[in-house]
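Two complexes, one shared chain (chain A), two partners (chain B, chain C).
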Partner chain A sequence: MSENRITIFVDGKALKAREGEPLLKACLAGGIFIPNLCYMEGIDPLPVSCRLCFVAVEGRAQPVPSCSIPVREGLVVHTDTPEVRRLQRQGLRLLLSTHHVECARCPANRHCALQDMTRFLKVGLKPKTVYLKAPPVRSEHPFLDYHVNRCVLCGRCVEICKARQDRPELTFIKRGFDTTLGFFPGGASNPQDLKTYRACVEACPVGALVLKDSNKNP
Partner chain B sequence: MDLELSPEERQKLQELKSELQSFKRERGQLIPILQWIQERLSFLPSQALESVAEYLQIAYAEVFGVATFYNQFRFHPPGRNPIRVCLGTACHVKGADIILENFERKLGIREGETTPDREFSIERVACVGCCALAPVTLMGETVHGYMAPSKVEGLITRVAIEKEVRERERKKGAHV
Partner chain C sequence: MYEALKKEALKRKRAFEEDPRPIIQIGMATCGIAAGALETRAAFQQVLAERQIPARIRTVGCMGHCYAEPVVIIDHGASGFPPILYPEVNSGKAAMLAKLFLENGDPRLEHILGATKENDMIPSVMEFPRFNREKRLVMEKCGHIDPEDIYDYIAGGGYAAFAKTLERPGDTLIDEIQQSGLRGRGGAGFPTGLKWELARQSQGKEKIVICNADEGDPGAYMDRMLLESNPHQVLEGMLICAHAVGAGRGIVYVRAEYPLAVKTLEKALHQAKEARLLGNGILGTSFDFHIDIFEGSGAFVCGEETALIHSIEGYRGMPRQRPPYPTESGLFGKPTVINNVKTLATVPAILEHGAQWFRGIGTKNSPGTAIFSIVGDVTHPGLVEIPMGVTLRTLIFDICGGIPNKKGFKAVQIGGPSGGCLSEAFLDTPIDFDTLAEAGAMMGSGGMVVMNEDTCMVDVARYFLDFTQKESCGKCTFCRIGTHHLLAALEQLTEGKGESVDVNFLQRLSEDIRAGSLCGLGKTAPNPVLTSLKYFANDYQAHMKEKRCPAMACRPLVAFYIDLEKCARGCDVCEGCCPVDAVFTTPNRKKGIDQSLCVKCGECMTACPPEYKAVMKVSPPHLAPVIERPPQAARKGK
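Right, the complex of A and B next:
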């Protein structure tokens, strides 16, 4: 990535950005909000899994996920076209169709990425039909409780473990609708691990990962 | 949740561990190795997955993530009486999901699992080719057509009775 400062045009506004950085990052830095769940700086390759950060880029026939587009000089971007919003709303509705809405009892209440996005995209928080998985809470992890039906499967915690542990202990298991987070102790327990899992809990955009009570205070 | 391994299986597992050497130590060998183990053991016990992770120097989480992704891998040994509930189109229309649920409830295990005594395991299959008898269930190699919830208990009881009869005859033989 070079240090060249370039100019891009987002919704008619000229933004300064560093050449090659993700479009999503440049927009967020420039004060233009694009819904996103899975983007975190420093992940390579990016998961591009939440399918919420769509934008329309001039010269491309279809909307593209902005986290996977490196910026270049003179890029012209629209974040608020009907097509973009339709894709984002549909994506968000699908996420909510497996989400157990119990905000009053959820630790992420009021700083929850899903709440923010439903407000931003004007999507109802409670869809008509919700498909839930069982059991709703898994607590086999020594430090964490995992609320299956809150999880949006963004993969942030998995990426954090990958970056910090020699043998990552979190992963996705199964596939399709049955996909959940799985935990597997990888050898000797490392005193660093609690720190890593704290970072996972902080990175969780919803309240799916919660520290067990005994680990709340260092 | 894992079932206890039989002494035979434990021995086989030991042999497999030493034979792992015949595979290259590459991540790309993960699926071939898992397939090879399943061929020998007919399922993947967690101990086997651990040895594979150890051998390939990758995280156990990664091995498990891959293994659960593919439907071909199973984590429970087949029972002595494997029950296969057909969920093909015709059987589905005739309420095969109810039959499956009946077996699950009766045996106290979920689809894909095995009872602790290893007597029964439940699987779902797609079309066994006799749709005229829908809904169909296979127990071992025997086809049971026109399944109904009331037949589920009968099938399981029959296996229990047959087992008891065999045992009695064996005892009788021993006395004579």
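Right, the complex of A and C next:
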């Protein structure tokens, strides 16, 4: 990424950005909110999996995920077109249709990415039909509890675990709708890893990963 | 170096041909073996040994005539007959042919399909549309050469194109491929020459060529057939590609579910190495190229190129956002060309005959031929290679013999789970990449499922969506959850609980999945729904509003009853065959079906003698007249 400062135009506003950085980052830094879940700095390649950060870029027929667009001089972007909002709302509704709403008991309450986005996109938090998976909590990991029906499968924790440990412990398992987070067995022997687990838990935007009771920790 | 190989191959061929003993040629690809070719071969061997008949058995690959498997060609020159093709040769037929034809010279004309050479005695197979309407360019040698013998391939001109290209600089090869207009046969139809050009220009010392043989569409098997019947043609294509882009390493990514293809390929690689067509210093030049086999572990999504790369790298097969494209940063970050088996197998022919020749076949924007595996309700299913631009009607009715059992045509599903269902209105559409995409289907890898009038399109859409949902990698929201909800709605429709489902919901969710998904699997997953909504709207309306399945295929929406006007009342065959005792007889010999017990298997309908045809099927189920089951009959039933 070069140090060239360039100008892009987002919703009619001129923003300064570094050439080549992700459009999403430039917009967020410039005070323009774009819904997002899976984006984290420093991951290469980016997952581009939550499919929420769509924007309309002039010259492209379809909305594109802004985290996958490197900014260049004179880029003209609209974040609030009907097509963009329709896709974002649909994506968020899909995520909520598998989400167990129990905000009062959730550690992410009031700083939850889903809550923020429902307010921003004006989508109801509780859809008519909700498909939940069983069992709701998986606790085979020695230090982590995993709340299956809170998880949005953004993959942030997987990426952190991959980056911080030479032997990653988290991965996706199963296929299709049944995809969840899984733990490789036999890990977690090293108490130093706890730092990584804390980082995973902090990175979770929805409170799906929580550390087990402190008395169980080493 | 190549001349020496060719000389050796021709010497072997001459020796084989000059041998006066008859040749029994058996198709032994997976399809032949599944149909019983192993037993057929054993029967031939046994009779030949017992009676000491001097004949040679030669195993070849598949000719693509699945309806006729196991296929045997007997070349008994001494009898005065031309080589004759026999269909459906089971072990009994094999023993009979060995005795009567090989020993006594009687070819048993009632069992033949035709002669494989023009002659005055026996009609040639080339007189049948299933043979003569095809244009075999990629499959030309399939079923005629021994896939386990490299010399058989070389004797027929194999590796000649590669040997010639070795003398040319790589960029002229790419020009030739670009001029030929060859488009990727894996589905999307990306120009192959352009892909090679991008890889050639890409920075990076080491470049890689991957042959994508992760064929996962239900009902598609042309990649398997090519690898099992003529692996060297694919290897030759890879060699040419490697020379053109400057790659030193190749990988064939083949599904582990194709054990015979893997075995054949291993043998082919070994033989190519022995012949110095692979390895270091190929054919005495400074060109090095090594090919490894990588066996995929059964994930449909790994046919997507970035997921395939992740899978080889040792990760979970999940696609990533493109760009960067693999030609820029592919396997382990190196520039990588990923081509489908059929694309690579087409390359040698183009370089042999030239780009202009190739342009002369097919249509303007889709030159060349297409291989389809045509399955479902057709008389002669199998693999068909036709020039692009042939109409569906020609393909289905002329070449494949139309719909059996006097049923009507309803739809054809093209391109596997990513493709679409096209109605009768498209029968006269010429098939190429663009016309199919326009219609909402896609070429895909070439799977084609023909369906007759007894097929419910809602159920078909449900089936394909069930497949894509189960094979979704779960990475992106729209594919993981969107296809699940779409499937749930279709399931409700086929179960008669579709009051809350409406067309707009299906249409909108499908469009959003298409626009929002990360990779090709998600983007094309709603195609079966979108096309069936467009071309078979009545099927959906009937399921939604009337809870009726017009094709009477969705079990929860049909009921069986016995028409007492037609019933002879004397026979009890329906009652006897019912597996759940749902059919009963009242004391005055009326037959009835207890709808609460009936599992709708249709056994009674099949069993009812054709002179009565008294068992009727209706939809919606409440239309079936109710006959009270007498209490004693109920007790007897229990």
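A few remarks follow.
Keep this in mind: the second predicted complex is superposed on the first by the 210 of 218 C-alpha atoms of A that agree within 3 Å, B and C clash if a C-alpha of one lies under 4 Å from a C-alpha of the other, contacts with A are read in each partner's own complex, and residues count from 1 in each chain.
In this section, a contact is a pair of C-beta atoms (placed from the backbone, for glycine too) under 8 Å apart; a residue touches a chain by one contact, two chains touch by 3 or more.
This one's a predicted model, so the numbers in the text were calculated from it and none came from an experiment.
After overlaying the two complexes on the shared chain, residue contacts for A:F184 are found with chain B alone; chain C is out of touch. Applying the stated contact rule after C-alpha superposition, one finds that A:K174 touches each of chain B and chain C. When the shared chain is aligned, no partner comes close enough to touch A:P35: not chain B, not chain C. By the touch criterion defined above, A:G91 lies against chain C but remains apart from chain B after alignment on the C-alpha atoms of chain A. In the superposed pair of complexes, A:P205 makes contact with neither chain B nor chain C.
Of the two partners chain B and chain C, more chain A residues are in touch with C. Put simply, chain A uses residues 171-172, 174-175 to touch chain B in one complex and chain C in the other.
Within the complex formed with chain B, the residues of chain A that make contact are 165, 167-175, 182-186. Within the complex formed with chain C, the residues of chain A that make contact are 45-52, 54, 62-63, 65, 68, 83, 86-87, 90-91, 94-95, 97-98, 131, 152-153, 155, 171-172, 174-179. Residue ranges on chain B touching chain A, taken from their complex, read 53, 58-62, 64-65, 68-69. Considering their complex, residues 299, 316, 318, 320-321, 469-478, 480-485, 488, 508-509, 512, 515-518 of chain C touch chain A.
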